[in-house]
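Several structures are given next for inspection.
In what comes next, chain A is part of two complexes: it sits with chain B in the first one and with chain C in the second one.
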Partner chain A sequence: MSDRTQPLSSRLLRGAHRTLTGLHPALESLLAGVVGLLVGAVLMYIWGYDPWRAYIALFRGAYGGSYEWASSIARGTPLVLTALTFSICLRAGMFNIGAEGQMYMGAIASVMIALFALPAGLHTIVGLVFAALAGAAWSLVPAFLKLTRGVHEVISTIMFNWIGRWFALYLAIYVLVDPARAEKTLSIPVGARFPILVRGTDLSYSVFLAVAVALVIYFVLWHTAVGYEVRAAGLNPTAARYGGIRNKRTMFLSFILGGMAAGLAGAAIVMGLPPTYAIFGGGAMPQLTNIGFDGMAVAMVGRNHPIGIILAALFFGGLNAGGRVMQFYGSNPVPLEMVRVVMGAIVLTMSIPELFRLFPAIKKQGERFVGFWRRAAQRSPRRSA
Partner chain B sequence: MNEERTNAASEATDGYFLRADGITKIYADGTVALRQATLEIRPREILGLLGENGAGKTTLTKILSGLLPPTKGRVVSPRGPVRFSSPREALDFGIGMVHQHFALVGTFTAAENVALSHERPFSFVQLGKTKEQLERLMAESGLRVPLDVPVSQLAVGEQQRVEILKVLSRDVDLLILDEPTSVLTPLEVDELFALLRRLRDKGTSIILITHKLKEVRSVTDRIVVLRQGELVGDVRTKETSAEQLAQLMVGRALDDASRTVELSDEDLPTRREARRADDGRVVLHVEDLVVRSDTGEIVVDHVSFDVHANEILGIAGVEGNGQSELVEALTGLRKAVSGTATINGTDILGVDPRAIYQLGVAHIPEDRWELGLVLPFTLAENAILGIHRWDEFRGPLSFLRWGRINRHVRGLIDRFEIQATGPSAPARSLSGGNQQKLIVGRELAKDPAIIVASQPTRGLDIGAAKYIRDLLSEMRDNGRAILLVSADLDEALARADRIAIMYEGKFMTIRTPDELDRETIGLLMGGVTTKEVA
Partner chain C sequence: MSWNDILALLRISLHAMVPITLTAVGEIVGETAGLFNIGLEGTLLISAFAAAIAAGAAGPTVGLLVGMGIGAAIGLVFSIINTYWKGTQMVTGIGINLFAMGFVAFGLIKLGAPGFHAVPRAAQLAKWRTPMGAMSPLILVALILPFVVYWFLKRTRAGLILKAVGEAPEAADVAGIRVNRVRLLATTFGGLLAGLAGAYMSVAWMGLVTKEFSAGRGFIALATVVFSGLNPLLALLGGFIFGFFQGLAEWMKTLPSKPIPSQFVSMLPYIVTLLVVSGAIGRVRFPKALGEPYKRE
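So, the complex of A and B:
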């Protein structure tokens, strides 16, 4: 059964398989990023743009200077938090697709602090607590439905995204609306806002919130008994139960932590995003839309590890920030949507190694296919003769 | 059409439909599942395949039905050697197998399930035609199932009939059934056997895999006995007795030169006398325990026993007779229906596993990959599973003390001779024996009052198995109570102070090993109670 007796195609496939499945997770992510950019380049070329100049514009716009870095980081900040939502729940063995809805609830809850006055620092903290609680509450409903009625969390969280979106929009338009400007909600009071970190940019102190939450979650997952239980239950629920771990508890805990992170993402946007520090109900909440879903992509590229997520969010934030520059770049204005194409291609590429782990099955199908054609080819000359 | 083909085949040959010729099967991990098995399958015959767990019954039938290729040897039909690379090819040839675990789509009806099994890539599902065929088949065979009800709503016996119909609808000449009666009620068993006899009279050959002596004697024409991969008997049912079959099935090898080469004295579990078995106090007390399986049948049926300190109580028996469910009920992993179980006087039924562990229970689980370990976790992470909340390992704010944990793990690695690169090696990377040592080490570190060990040496090499058996004996000598569930009869006989034989959820007997001879054990394991034994 040496390698040499097998056909070249099979050996090549196996080589590719070994290479791809043996890669370090970080390298896999890096490779996916490169492939995503290449796919984007090919598409730009087909549509008549110059990919080279477009990417130069994009990366200059993302990481070309301190202003650019600041706006990339600002855009990555909420993504860190929503990515953590997805990752914690995945570590606990569940797909929480609900970061989007939980984030809306967090954002709208943080706007509520505009209704009352408090001392400056305390006001911020109350806003964050509101947001975290709202996010957690929104994620608890699907968790509860799963426990009591067996409703699959993917279904319920997706549904709750829509309920959350329209509920938040309703509150933004009818309840928390700014009497002076009907297109937006009340603004967060000056004392409760995250101060700007780099003057003249969007980057506020909310970035420290995101990094702090990421670190806390890292320590909880890898350095506490509670996090140990969450990871054990996620990797092997049967063994966890055998080990005296109460799986329902770990499930609830992961949803609560995840919901809190998503809620905080909403707060980070509203309380830390100049110039208005409010939600635009009129434009159907453009600053919030897709932050939860993009977080899932960030979580994937960040390999569901808090540190990886921070790096991946920096990259995705950069794509978003640089994309805006790219679309205004002189003679070669590439539409902003191209950035989303690149993101999509990255996510798809990320799943390829997973695909290759299913290699034995694919190989079998492939061999069957090859065998079929070979037999057909052998048959046909005889028939003609 | 089926009949014509079979008749033609049987007339054209010197009386066999298929012959397994010197089949040897060695699995990738080196396990020898079959040695030089030669077996003829004759038309119009029900052949019983009898043997303990791991005797090679399933391997042999998997080779015949194309699921596995043999390592050596060949399968011959009167028309020449045959080689199947998939069950589908075997079906096309006329060999179909009904597995112990049904392969049915629960939301599909019987007709749809059968149509699905006929499907080829890019073919149309011909439901109408399938139904017609099934109606005809049901009329011919007397095997009736509702065709238009989702199979998940059918009783287990009916589901099995759907499986049989699925195979019969492919015009098979050889029908293989793997432990078909284990899920059936007595009445359903009678119906199944009547069906098998009718099929045989119509010309189909049937192989029935079983470990139940009574059944194999009541329905088969010929019985082939396998023991540890070797074909040790091929007898006509009429000319044999339950005693002879039991002897063949479990008896120590009659004159195996081949086995003595591989097995030195080291490997055979050695007998260790208890220090004082009978004056230990009762640690585990079980009374009238009733437990249901996942599918709702009663699989532990009013079982009562005690395990004392300084004692190993062995539970022997063919697997699937309720041992797993018994252990699960005692360790909090499964709810009991009724009865009582106490450890040192504290009730343990309906209590969750964590609380049971706190009473001093160590559990070496049967399935070390599914239950005992979190495979992607490191050695260190696995070594604290279940004890991760101990103050020794958990500091304030629930922080894990990795320093202490790693020291503890290095201690385990040294003490239990675990071959591993260190505490941070993934558990997946260890060999089976070392994984088991890790589990045993972790459980013994709990300083337990009672150790529930379920198949603790299964799949281990000889050295590791002996090491773990010795550890258990040592723990016994240190005053622990041990409940040893083992399908390995030699192990149970050699290590237990008392042995219970479990059959269909009941204890057939609890005796000391000296009071039982192998023949009696074999009969009890097969469900036969003789006067002397009862």
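So, the complex of A and C:
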């Protein structure tokens, strides 16, 4: 019997912790990945594509060589950061699905450094600080609404995603627009960009930023007192409060940390992804759209653990990079959007706890069914004889 | 502002009210039974897409029915995972939303023009001519349904069973109610209404499908449920308020003089939703077992 005295959000979360820290976490993630790819294959088959050839193209495009690896890592870099946003808050007991909006704000804030000149290294740092602050500011309002008015964070963060999207679009079109090319914003100055790491690819030094943030968050969550408080509050807020943990403080802290990570994701895209180093306001910000939502899938497959997230981001970054190859491959190429279908199926599968036990249960039902028919088949000839 | 402007505004608001109210009423039934479905946004998208295709092939009525069927099917998947398989409701909902974003964008590309599909005029549900102008018949459905569901929840035995399953599943189980089956039916019904809402948006209202055209309405419906405190009549009111501000935003975009940039007008419904919800919370009490899978000891 479960404890009904806890608030709604922590009850909704109890299951999440069970699901996401299961008995064989890595194997379950792997299994969910396989199920997701299978669902994608079935859908491709129904729509008249050849799933086998498509997947070969996809995985060759993702991991077929050093160029492919580099572009997979480049696609995975912002996903690490938005995944961290989701998982810090989940560890603290909240569903922050606002990484998308916080990431828009971070991206637009980092474009602002194009308005003034600074020495090269300092300029980059100022851009990152701007982005982190903007992301944190955008996540503070939902945190504040939750604390003072009890507004569930799922509703407030999603509303802030939309508000942030329109606000960023407004700034991109009217304020930070490139006077020479109206469809994009000002480009980040050359000195403030992340240098390219592998020549000829779009992999830049921003990958180190993502890994460093993941490691810092790992350290904070598992090796400091504050991190212990955050995790304790997420596992059982009532017990944590009796233990002297100030839940409001941990809640604010996790939202701020999460917002900073999402803001940095925006900066990593704008300051670290060639060729233009700018946001396309005219095309409704295509290179930013959905990075925040994809991050949630990465967080779940990565089991909300910073190290797991890095591995999962490598997989999803590979799907995105490979999908770009897949959509131009063969006479009947599969659109890139298939990748997000696979992601959704993976997350759906991840929500089923103890996935492994489900298969024996289905097998048992199947055997019972087969046995029933076998017995029936054995009985019938005897009767006729 | 002339009389005609006011009429036009009211007409847009009533049309914008329908999907929010329908989805919210369905979610109220589901939450009363104890399941919290944040996959409504995805349900709206997929059912709108499926309804648009079906309507193009076989007419608007079939389109609406297919939309309802697809919505119910998604609700069924959600509820099987979260009743019999003891899943995590939030994660399932996020999965449905991600899947829908990919699936609809994928399907739209397959249909031809990327990101956009117009429903032919002949395949759209005809609007009624009224003194107020052309009105969709489904406005009537959205106006009547909350009263029916209110009566069902407050005055019938089945409504009481639904409540028992959400408040005290153990007690309901002891009383011989099949908890998981009731929850399954409730959420499937919720999905069906969300499917109708999605089908209405593509077949009876806007006459098109884009990959982002649900525009957060599933989440606004969730906000409406919070605002209503699980009372369908208040969901009607909430749906009208949110519909009005969406209508206002649409109407302001059509004005010849642009007092504020359209991006800020587009933000309006979301800001109002946040304000209304933060004003409404406090008095709201949710079912005790909301969000928890039921397990026998």
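Descriptive notes on the structure:
Note that the second predicted complex is superposed on the first by the 329 of 385 C-alpha atoms of A that agree within 3 Å, B and C clash if a C-alpha of one lies under 4 Å from a C-alpha of the other, contacts with A are read in each partner's own complex, and residues count from 1 in each chain.
Criterion: contacts are C-beta pairs under 8 Å (C-beta built on N, C-alpha and C of every residue); 3 or more make two chains touch, one makes a residue touch a chain.
The structure presented is a predicted model; accordingly, all values stated were derived computationally and were not measured.
Once the two complexes are overlaid on the shared chain, A:Val347 sits against chain C while remaining clear of chain B. Counting the residues of chain A that each partner touches, chain B and chain C differ, and the larger count belongs to C. In the superposed model, A:Tyr205 makes contact with neither chain B nor chain C.
In the superposition on chain A, A:Tyr63 makes contact with neither chain B nor chain C.
Once chain A of one complex is fitted onto chain A of the other, the partner contacts of A:Tyr228 are limited to chain B, with no touch recorded for chain C. With both structures placed on the common chain, the touch criterion links A:Met296 to chain C but leaves chain B unconnected.
In the superposition on chain A, A:Ala240 makes contact with chain B only, not with chain C. In the superposition on chain A, no residue of chain A contacts both chain B and chain C. Residues 1-2, 4, 8, 11-16, 18-19, 43, 47, 95, 97, 145, 149-152, 154-156, 158-163, 166-167, 169-170, 173-174, 290, 293-294, 296-297, 300, 335, 337-354, 358 of chain A are the ones touching chain C in the complex. Those residues of chain A that touch chain B in the complex are listed here as 219, 223-226, 228-229, 231-232, 235-236, 238-246. Per the touch definition, chain B reaches chain A in the complex via residues 331, 333, 352-354, 357, 363, 365, 370-377, 381, 384-386, 388-389, 393-394, 397-400, 402. Residues of chain C touching chain A in their complex: 36, 38, 42, 77, 81-82, 85-92, 94-103, 105-107, 109-110, 170, 215-216, 219, 222-223, 226, 261, 263-264, 266-267, 270-271, 273-274, 277-279, 281-282, 286, 288-293, 297.
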